[in-house]
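Look for chain A in each of the two complexes below; its partner is chain B in the first and chain C in the second.
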Partner chain A sequence: MSAPDADSGGGSDPRFVERAAARMLDASVLERIAIAAGAVASALLIGLIVVGLAGYDPFGFAGDLLIGAFGSVGALARTLRFATLFILTGVAVAIAFRAGVFNIGVQGQFIVGGITGVMSIIWAAPYLPTGPLGGFLLIVVGSLAAIVLGGLYAALPGVLKAYGGANEIITTIMLNFVATGVVGWLVAGAFGAEGATATRTERIPDYVSFPSVVFSSPDFSMIAFALMLAVVAVVAVVMTRTSFGYDMVTSGHQESAAGYSGVDAKRMIVSSMTFSGMVAGLTGAVFVIMIQGYYTDPTGVGNYGFDAIAISLLAANNPVGVVPAGLLFGALESAGSYITIRTDVPVQLIDGIVGLVVLFVSVPELFRAFAKRTGLGGEER
Partner chain B sequence: MTPNTTDEPPAVRLEGITKRFGDVTANDGVDFTLERGSVHALLGENGSGKTTLMSVLYGLYDQDEGTIHVDGEPKTFGTPRDAMDEGVGMIHQHFQLVPPMTVLQNIILGQEPTENGLVHEDGARGRIEEICSRYGFDIDEYLDTPVADLDLGVQQRVEIVKSLYRGAEVLILDEPTAVLTPQEVDGLIDVMNDLREDGRSLIFITHKLDEALAVADDITVLRDGEAIGTVSAAETTEQDLARMMVGREVVFDRLEREETDGEPALGAEGLRVRGDRGQEQVSGVDFTVREGEILGIAGVQGNGQSELVEAVTGLRGVEDGTITFGGEDITDTSRRERIESGIAYIPEDRQTEGLVQDYSLVRNALLGNQTIEPFASGGFLDWGEVRSHAEEIVEAYDVQPPDAENEAGSLSGGNQQKFIVGREIEHEPDVMVASHPTRGVDIGAIEFIHNRLVDLRDRGLAVLVVSSKLEEIQTLADRIAVMYEGEFIDVVDPDDVTEEDLGLLMAGQTLEDGPAEVEP
Partner chain C sequence: MSVRGMAERHGARAVAGVVALLVVGALITTLTDISVRNLITVGYVNRSLEMAAPIVLVALGGLYAEKSGVFNIGLEGFMIIGAFVTAATMFLLGGTSPSQAHIWLAILVAVVVTSLFTAVFAVLLIRYQADQIVAGLGVWFVALGFAPFGAALIWGSRSSPGLTNIANLTVPGLAELPVVGSILFDQSPLVWLAAAFVGGAWVVLYRTRFGYWVQAAGENPEALDTAGVNVTRVRYVSVIFSGAMAGLAGGVLMAHAGNFIGIGQTMVNGRGWLGIVAYLFGNYNPVGAAAAGLLFGGLDMLNVQFQTVGVNISSRLVNLFPYVIVIAVLTLWGKTRSPAALGEPYESED
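Up next is the complex of A and B:
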């Protein structure tokens, strides 16, 4: 493990600080990767020190982390399962951030996509054949419905921002609560399963699932993982090789230049929010088809949409970069669940390490702001 | 203004102030002297360095070279608070008031009188009322009203009282009339006269000639960051000032002019356009540009040229009137439709509009072209085509350094401009709209860009050029429309007018026995 460049060496020499600042200001892709790796390494190191100070064996803890994330076929499947969802939601966040709009509502769109996926499959099942063909068709139906509803649910704050001037950060956060509340109410009432002991919907039919292919885990499928990679590829191609993507990324970089080049700023806000919400909605469908099979009260489905913000940040909002970042978060999440069950180290320590990773990743940004203010490492403007 | 015959030093003296941002020199060795008890206008176009110079005086920027003297003493102001402590106050173009707080709270903000550690608002009331009655301000009746409920003229007086409350002897007013109605401008001028009579010294930043003449004792003209000269308001005229502001650094031979009987290409009728603040900036403009001619629009900046150009190119909505292109009404078409139909545009602001600063030139070559073949087809981009296009522009338009992979922001202003001009010309447009096409560009590049625009005209394109540089308009244009306060005050033949005539027109006056008008 190597510390990030800025951490090594004496910070007292002003010329060194200046050079480091200059390097940080125009970090290339490779350097960004180095910064991310350095941040992760530093966070793990500090996390282990904290574990040691808390009276646990840090080396044993480090070993448990590795075992929990990669130590068995089951652990690896669990890591990849979490990673699949983290990467998809991370891509959803990255799309919006790159376009210069802040979609904090990926969690809500993920919930809307999930309930839509379950209910559309349940409703459509009687009209389609059973067996593998029916399963495939229902996956398509459920995913498309989730994409549409997730997109619409994100379009709403987009419209509010573009045509009503409403701050999308506030509206998307608020719509997360709305999604959780309304879906919880539906699951407890109109969509609730008859005779079920817990608050949940009916199950989707057994034949509607992704075949697991490599791992014999009931909750993870390489097909879903491959689907996720395909989504990443499509998003990356849209962003870098289409007119729409150029419009979108240019709007995020410099809105006035985008307007000069013929981009309608208001429509672009709505389109990029919708695009982001579509991916979030699809993630909801993948979650229910691959893992859950039904829908519960949304307070219990996990915080994929919120962790996605950190993942996108770690990846500098690059959809391809989201893949390694999501794998890392998947591994940490997976190790966390292992440690909770197998050891007496509290899971909060894992959450703390995730928090440290985010903190260290955001340090270069703080450093940039600081360097700009003090004039170190380059002129302002 | 009576000359300062006493031994008292001037209120403010700036010597050789130079301020650079990167490789842009915003102020270049500027000298400036504010006599005690006088109003000194700082006149210049947008971007001429007026606000930068005053920000240096007010402690917002550190100068790279030069010294500041206040009351004869050399001073260094690290922050605005240092400047305020020495009695220098600044009223910014955008007011620094907290809208939900009352007038009284805003005035005392940062210098609250306290009693037992708590803010004691009434302790300040008496002093504020005294300041108000001394200068005849009416704001004492609004002391407990939230600032948000007041109109802009009153808010501005609140700002002035705030500075006086802090003991400002020198007041800098940054374009104070920009947000005011004509009646409010008259009120402000009265206030400035009262402040002067009371012995305060005022710096009045403006680009409006008549206001500078109406209120100032001395006028210093800035152009491209340099102080062109200081004149006494009593001994100068609007024409002289207009000429000083607009300048003529380079004298070009007049390029060959052609009579055209081409078809009308681009036109407007009864065009009315509002500005960013909602005020009408273009008030009923008619014009036609024919194929094979250059129509120049001259005027001091801020008289509606920017809004006119934005309306024509599709970046700004139209309040009333029509815009036609090739005989068709395009008033309601989008910016993108206008680009695709062949209207090219060299924008006024290359930094924020014309280029994405942190994109490479290759990626910038696509800006505006992203839906046009061969760079895009079926929604997908062909980066190979874009790259060779960018390399062609860099080569043909002599962009330095000659590497299309460079970030746009790393190029000098002149090279950025050459790249934009190249990109827009290579669009193969039918109409070229060029706004200040050579602003901040070095002499060689100016000539190059002018020749390219004339080539376009000779190839039969209709060209619309907006510039506030008289010699540029006179060099390029086949007809000159002079814009003043949102209207075309006159349309003239460049061969029939002198620079003095144009200066007079730009200052809003008519040529009494001037040349015959040309058909607009």
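Up next is the complex of A and C:
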């Protein structure tokens, strides 16, 4: 009674992934945008209801969200700063998801990239000149090292899936825990700064930073933002205009068809995971160079890799669509920073709203049914 | 090959895993010159059983859902909700010193609340054909956000103050026996509850009509439909059961720990995921899943043992053992045969 090809573990069954992908791709572009908007609106609405039930003023809270995200030049710079990281991690997730591989490990690859970036810059700094030229060279060194290590850390679950049948959803989640634990151990021990009161590494030299343009914020640079957009463009071109990208997306949609056209499905799994991890690793380097300047215990570096899953799904796993979705999440995160300081509403609410977005995005049928019932069908808003 | 024969053959793998762990343990101890007697103590066995109980419970639930054809990947999230609701109910009933009755009542409330949430989740999965992987991740993120949010509302911080642990079930006299006395006759009642669920889940799955319906809903829903059984209803029951078990698992975890922790990945910290791996490792057999759950529980508690016997290895690294073992397990034994209709929405012809 057992089908000969049904040998994969749990949800990594290729037929299962195929079906999941097919359902996501059923929708037309307009419909996807409507579903994304519907998901975000529903999640925000529930968030506001929870705020109301918890005894706060939901309208005031909604206003605070807007002010916190866009209310001042500083808020705007903060929104763009978070968006830079969200868009990059979102693109990392989108690469894997488009290839039909569920890389839930972007958070771990982001952490590996971050610590690699910091340590390689610290180690290479004595051998390079100081000043702007040295800063530029060290940014290149740190980013390349982070890309390589991030890619390798993602290649591991890819190899385990392709050649060992290990469900990548679970192995990547486990590897997130492993990355957090091992990097935490390194920062507290071997890589820890001498004489520092907190658990952290040495700082990278001051001259290793992106120059401030337009905004004078020390933690945000339009140069990094532009670099991020360039990465998005490169990924989009690779995925839509090269044979590698074509093979990747084809094996994501339909493994059997890709197999007939001579694509080695196993190698494709490893390559797409690696590609995805490279972008995640680069994000780690951008995070340390632009924002942090050192590395701490990874439990405190934010949830960029997890929120990226929601961002990618909102964008229907399209790298270009990730830009507006990432901007939205940047705004939410930025508003979160504001409400932490200005209100008593616990900031974890924002994480809950992100979770609701993911939940709603997974159910396009719900919105189709809603549109049908309310007569909003067709163009939908 | 009969379903049962296959299950039994694969159940042996989990046992092999436990044996492998013992061998590794023996190797480590001989190499590092520590006697096994000091490492594997009665206290260690008790701590492992306490830690295994929630993993086993959540695994049993997930097993039923997946057997029926629905991959409930939201178990980690439902476990977090269960742990939080248990802690919150304990606190609302008895402040910082709730009684034993309050603990039991709180676990019951947690099971009811998570069942209600899972019912909504099941409607999204079954009626509205949500993407099971994405929706499950969504549940995890929702719980990771709203549980610490709720904790912050109640306690002003993401973690609760110290509440009460569940008291052991002690048989006077017998509890004084060496070794078995403490393990069998002075044990957490929740460990016994988990053991009872393992037996019950095995009997229901392999020896009752409903168990065969669950298996058929995942393997051959058309045949089940033809036989006049409502496939959708079987799946609803299985998924809601999996959520109830995750809620119970969260409650048990909380009752053993005595306080709720909502920082980082919360106190559940991947144990729902370990539950999923436990039933995959046990190849969907409740007894195999329980053996795998024991293995993970034992690994989870090695930390304390290493510290007491003075093995010089960072607790941060020892804490990663279960996750590393999971990766090895999935790679070496990952080729389980999932139910044929897993993840496939079923629509009856009539």
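Just so it is clear, the second predicted complex is superposed on the first by the 338 of 381 C-alpha atoms of A that agree within 3 Å, B and C clash if a C-alpha of one lies under 4 Å from a C-alpha of the other, contacts with A are read in each partner's own complex, and residues count from 1 in each chain.
FYI, a contact is a pair of C-beta atoms (placed from the backbone, for glycine too) under 8 Å apart; a residue touches a chain by one contact, two chains touch by 3 or more.
In this text the structure is predicted, and so the values were computed from the model without any measurement.
> Mind telling me which of the two, chain B or chain C, contacts the most residues of chain A?
Of chain B and chain C, the partner in contact with more residues of chain A is C.
> Just to be sure I read the superposition right, which of the two partners does A:Trp185 touch: chain B = first, chain C = second, or both, or neither?
second
> By the touch definition at the top of the document, which applies to A:Ile353: first (chain B), second (chain C), both, or neither?
Touch status of A:Ile353: second partner only.
> For A:Leu160, using the defined touch cut-off, is the partner it touches chain B, chain C, both, or neither? Pick first, second, both or neither.
After superposing on A, A:Leu160 lies in contact with chain C but is clear of chain B.
> Output the chain A positions appearing in both contact lists, the one against chain B and the one against chain C.
none
> Mind pulling up the chain A residues that touch chain B in the complex?
Those residues of chain A that touch chain B are 241-244, 246-247, 250, 253-254, 256-257, 259-264, 379-381.
> Where on chain C is chain A touching in the complex?
My answer: residues 1, 66, 71, 73, 124, 128-135, 137-146, 148-149, 152-153, 158, 219, 262-265, 269-270, 273, 276-277, 280, 314, 316-317, 319-320, 323-324, 326-327, 330-332, 334-338, 340, 342-344.
> Show me the residue ranges of chain A that touch chain C in the complex, using the header's touch definition.
Of all residues in chain A, those touching chain C are 1-3, 6-11, 13, 16, 19-20, 23-24, 50, 54, 102, 104, 157, 160, 164-167, 169-171, 173-175, 177-178, 181-182, 184-185, 188-189, 299, 306, 309-310, 313, 346, 348-363, 365-366, 369.
> Considering only the defined contacts, which chain B positions touch chain A in the complex?
21-22, 24, 314-315, 334-336, 339-340, 345, 347, 349, 352-359, 366-368, 370-371, 376, 379-381, 383
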